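Okay, so chain A shows up in both of these, paired with chain B first and chain C after.
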Partner chain A sequence: MVCRKYHELTRKRPRARARGHHSPVVTNQPYLRTFVTPAALCALAFIVAMAAILQYSVRAYIPGSLEPGGLTLANFAALMKPLYARVFLDTVWICFLTAFCTLIVGYPIAYALVHVSNPTAKSIVLITVVTPLFLGEVVRTYSWIIVLGNNGFINSVLLKLGVIEHPIQFMFTTFGVVVALVHVTMPVMVIMLAAALSHIDRDYQKAAESLGAGPVRAFLTVTLPLSMPGIIAGVTTAFAWTFSAFATPQLIGGGRVNMVSNLVYQLGFASFNFPFAASLCVAGLALTLVVLSALRLAARPLEKIGPH
Partner chain B sequence: MPRSAYQRLLGVIGVCIVIAILGFLVLPAVVVTIAAFNDKALLSFPPQGLSWRWFSHAIAYQDFREGFRNGVIVTLWSSTISLFVGAAFALALDRYRFRFKNVIEGVLVSPLFIPHFTVGLGFLILAAQIGVANTYMVVIVCHVILVLPFVLRSVYVSLRNLDPRFELAAASLGAPPHRVLTTVTLPLLLPGLVSGWLFAAILSFNEFTASLFVTAQRTQTLPVAMYNYVREYADPSMAALSVMYIVATAALLTFANAFLGLGKVLNVEHSR
Partner chain C sequence: MKRLLIAFFALALGFPAQAQHKLVVSIWGGSWRDLVAETVAKKFTQETGVPVEFITGGTIDRLNKAKLTKDNPESDITFTTSHVGWLYANDGLFEKLDLAKIPNAKNLADEARISPYHLGSWAYIYTIGYRADLLKGVKFESWNDLWNPALKGKLAAPDFDPSHIIVVSAILSGGDAAHWEKGQDKLKALKPNFKAFYTNDANSQQLLATGETPVQVVLSMNAYYMIGQGVPITVAIPKEGGVLGVDTVAIMKGSKKAELGYKFINALYDPAVQAEIAKLKKGSPAVLNAKLHPEIAKLPGVFTTAAQWKKQINIDAKLRAEKTAEWRKWFAENIMN
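Our next item is the complex of A and B:
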């Protein structure tokens, strides 16, 4: 009994002391208001802006006027028209395709980034991968137009070499749009995969190999499942970012490949139908939420294999 | 363990794949550089004659000049504001307990997943309703919201890596909270603050989709001016401008990598 009490005393005391030491930094929370108020104001501004969209999405459109009319659900009913429903389906398809291709192309790079030991090579890979992230959509898209156009780089080279007789049509096709979009989403995907891969203990793979698994088998049964959280994070982010893309489908799609973003812009700035544009945004947000949570749900059994 | 021929073959294949993918990543930059020096007004490969004239044309173009000026104004304001707001909130997030902590954090991080055209349209409608459309203010506020998640992240990561014993030592030696903050915490956070600001500045300067919605003719930033140019003209001026962009961005990133460790900021390497 006495012994136990002594134990408790000695165990508790250092903790209480630590808390006492912490007090000027932690418990008084100096400058709490100063630190939090600006951020709260920013959050408030953003909430108000999103509320403005919600509010416009249920207002009537008065042709020729920038002011919306009374409350209505007509905007959401119009979304069901095949013309608009089609754009939504196309968008989801392009997002999936892009996310999947980015995963396939991004994984080897992330793996190399984590496993390359030479610091110079590592820096080169990192900067090559990350630069597109900071280039901005317009520059990247413009560069791809020069690569993919009918007089562009690929077609000129192939024509000169005599591989083809007529230019291949890359512009205004889903293929062209997806190639450019994969380039855009690569950096985030690689960053997320590399973050997950760098946290995996390499001894696991070595253990598998020493137990007789070949490098391919060791990778497929050990490293790949362990990197599942990174894969899921990367795919969901790539999906959300692709959904947000505007300049790429607008310029490379050229009106023939339309995504929700292009429709919103067209409705807002060509026909000034802001209520309908707002309802498209709301539907788009709802759709992203549904798809992302579905992806997470579907991935849950896979994720269980990953971290223990 | 000696490496077998099979393993070496796998290694070689892996390196080839990685180089091919890196080639895919740099291809547009390389091609746009070649196109920028093309003497002819129409794009063609291989280029006939080399010249710098598209560079001078791009620099002299009025819309690009104004776009650059507007972009610098917007970027300086928005990245600085978001640095102050983000750093203060990251500190509070890391150490304090307060009401609506999770709500505020969730709202501030959500622009990462909300399409930029939605953010842009929201601020456009809001600005029109309170009568501040066509002002720099709405563009700056919109950019602050968009880059804040990145600032938060980079400051938060460096806060996590900060050894609290330094602050405790200062406090136990009698330093009041403001002295601990200004003489210990902030100097130790400096790399995180600089990289956060740099991130914010680059992203804000390049932000396009939301800017397209919230800028007017008077306040249009460089990416918006470039977008309008691409839609109207096909000469290589835009390629020349892109090259300047790529060089500047790569230089900034190399600088950031050398001084701050990009890998640590992006969380692909362990910091300890």
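Our next item is the complex of A and C:
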């Protein structure tokens, strides 16, 4: 009931806002043009770049030359080998694992960020979460190499404590790559979840508790469902963000764990076979669209949980 | 106030004039740029009074940029590896060199005369570098020793260029670079020994320094750099020789300062400059008349005689440019995955 009331409130607000904004937009057409023109030019540049990649993907590779040859579908035919299918599937699997693990680790942090009342504690949580955004992906990845290596921090501690006799292999494994990717995507997930959680009226949880629900039940039946739009947005963003990861799988994976971007680099650019690199890009883009559409379809029932 | 304005306009007009009067050199960043700045560029500026400006980037970035600015190049001089230089040359991006304008080039080693368009600037080898402290009792006298079962899960090689190990496998199987297929089975047998594939020099250094991969097919210069940093690496020279690598220099086609470019290349081949390059980078001079310190001259991968150059495994740069994609693809499909 509480949820339904919240839903009614939130449904009315956007309409009111839309009406409120409609009028100034019509009257301020020159400003609209000022803002839309640069965006349209950027979009045009992206379209031209995409068109260039598309045309490269259907051109033949000439060994020893930078100029591509005539039209061909051979690049796409070459992608049919099981090796490439496996890398594409591995990529999707790593993206899912990363998005899921980031959600599990990020949700409590986002919850703490929103609900901690002490401003100092809130600042500490916020700084801890946001700081990785200011470091480059390569710097963060090298830090993880130091932590995950055979002589790294984790193995050294476990060996000294006598927990293990031989170092555990974290580097060049899917586990190592996912751990480092979770760190990369964590700030985005936490910020998106915190935004969703901060919009939930705390009175709903209090109302549930006053009606006899314990804190866990109140969280599971009120807060968690109401934060579902944020969860879906966070998971989708983390998935798409991870799909284009390059430096982390390249350095932590050490050529043993490959994602689509690594394949583009290895087989396309490092070999100067730009047409094949372009066909990999096109296939990767198509896969992203398919997976994100599937994700959206799968998330539809969950989206309804929030409003109801 | 009037004087101030005059000074301002004089400066404003003067700057572009000075900017035009400079030689632009395209090279990799980091220590490579510093190497050229501290040696060749310094001498060139002393001789001509013309400052040198650098534009830096990765091999592929610079190749792409050069292609996009064909006939109106951003740089006057380009440094790149010998086989990539052939891609520039095949696309008409390099000026055909007039060796009469580079008197010091007469001392170049034969192997450094890559093409009519690009010449070797210095050389190195890809060889076996290992941590003797982590691999007790293991010797590397031949490339065959990499196939030692005791090295299971301990080896790393570059992921960006498998040509070295592909050609070595071919030679050990009775083939050569042109008939590399002969070494395919041999190389597949090495698969269990590979632990990782490094993506750049820094990655290679990090994997050796941490002992993550205690043996590598490694660039000699990188190994010496790490030894200088205190990492206990042994550089082995297999009896078959190291795989020769030559970095090259060329004048960009369309450069309006080609004459200065010739002077720059001539300064590069000055024996003292070449000796300084060998000292700083522990690489081999491209000329045979450089006087090296005995400690530098005795290093594996530093050649002072024509016979030493010829003893190395030399993959024809043009063939390598044509085969790179095929080799890289085969390696990814059969060895890395």
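The rule is short, and it goes like this: the second predicted complex is superposed on the first by the 269 of 308 C-alpha atoms of A that agree within 3 Å, B and C clash if a C-alpha of one lies under 4 Å from a C-alpha of the other, contacts with A are read in each partner's own complex, and residues count from 1 in each chain.
One rule holds in what follows: a residue touches a chain if its C-beta (ideal position, glycine included) is under 8 Å from a C-beta of that chain, and two chains touch if they have at least 3 such contacts.
Worth saying up front: this structure is predicted, and the values here are computed from it rather than measured.
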- Clash or fit (per the criteria above) of chain B with chain C on chain A: clash
- Considering only the touch criterion stated at the top, classify A:Ala77 as touching first (chain B), second (chain C), both, or neither. neither
- Query: Between chain B (first) and chain C (second), which, if any, makes contact with A:Tyr142: first, second, both or neither?
  - Reply: both
- Answer with first, second, both or neither: which of chain B and chain C does A:Ala207 touch in the superposed model? neither
- Return first, second, both or neither, reflecting whether A:Leu66 touches chain B, chain C, both chains, or no partner chain. both
- Item | Partner chain(s) touched by A:Asn151 [first = chain B, second = chain C, both, neither] | both
- Query: Who touches more of chain A, chain B or chain C?
  - Reply: B
- Message: Applying the document's definition of touch, where does A:Val290 land relative to chain B and chain C: first, second, both, or neither?
- Response: neither
- Message: Per the contact definition in the header, classify A:Leu251: touching chain B only (first), chain C only (second), both, or neither.
- Response: both
- Could you tell me if A:Met50 is touching chain B, chain C, both of them or neither one (first, second, both, neither)? first
- Scan A:Phe172 for contacts with chain B and chain C and give back first, second, both or neither. second
- Message: If I apply the document's touch criterion, which positions on chain A are contacted by chain B in one structure and by chain C in the other?
- Response: 66, 142, 145, 149, 151-152, 251
- Which residues of chain B touch chain A in their complex? 1, 6-7, 10, 14, 17-18, 21-22, 24-29, 31-32, 34-35, 42-46, 84-86, 88-89, 91-92, 95-98, 100, 103-104, 107-108, 110-119, 121-126, 128-129, 141, 144-145, 148, 164, 167-168, 171-172, 176-178, 180-181, 202-203, 205-209, 212-213, 223, 226-227, 230-231, 238-239, 242, 245-246, 249-250, 252-254, 257, 262-263, 266-270
- Query: Of all residues in chain C, which touch chain A in the complex?
  - Reply: 60, 63, 67, 84, 86-87, 90-91, 156, 159-161, 195-199, 203, 206-207, 210-212, 318, 321-329, 332-333, 336-337
- Query: Inside the complex, what are the residues of chain A that reach chain C?
  - Reply: 61, 63-67, 81, 83, 86-87, 142, 145, 149-152, 171-172, 250-251, 254-256, 258, 263, 266-267, 269-273, 276
- Item | Residue ranges of chain A touching chain B (in the complex, touch as defined) | 21-22, 24-26, 28-32, 34-36, 38-40, 42-43, 45-50, 52-53, 56, 66, 105, 108-114, 122-123, 125-132, 134-147, 149, 151-153, 156-157, 160, 183, 186, 191, 194-195, 198, 210, 214-216, 237, 240, 243-247, 251, 260-261, 264-265, 268, 274, 277-278, 281, 284-285, 288, 292
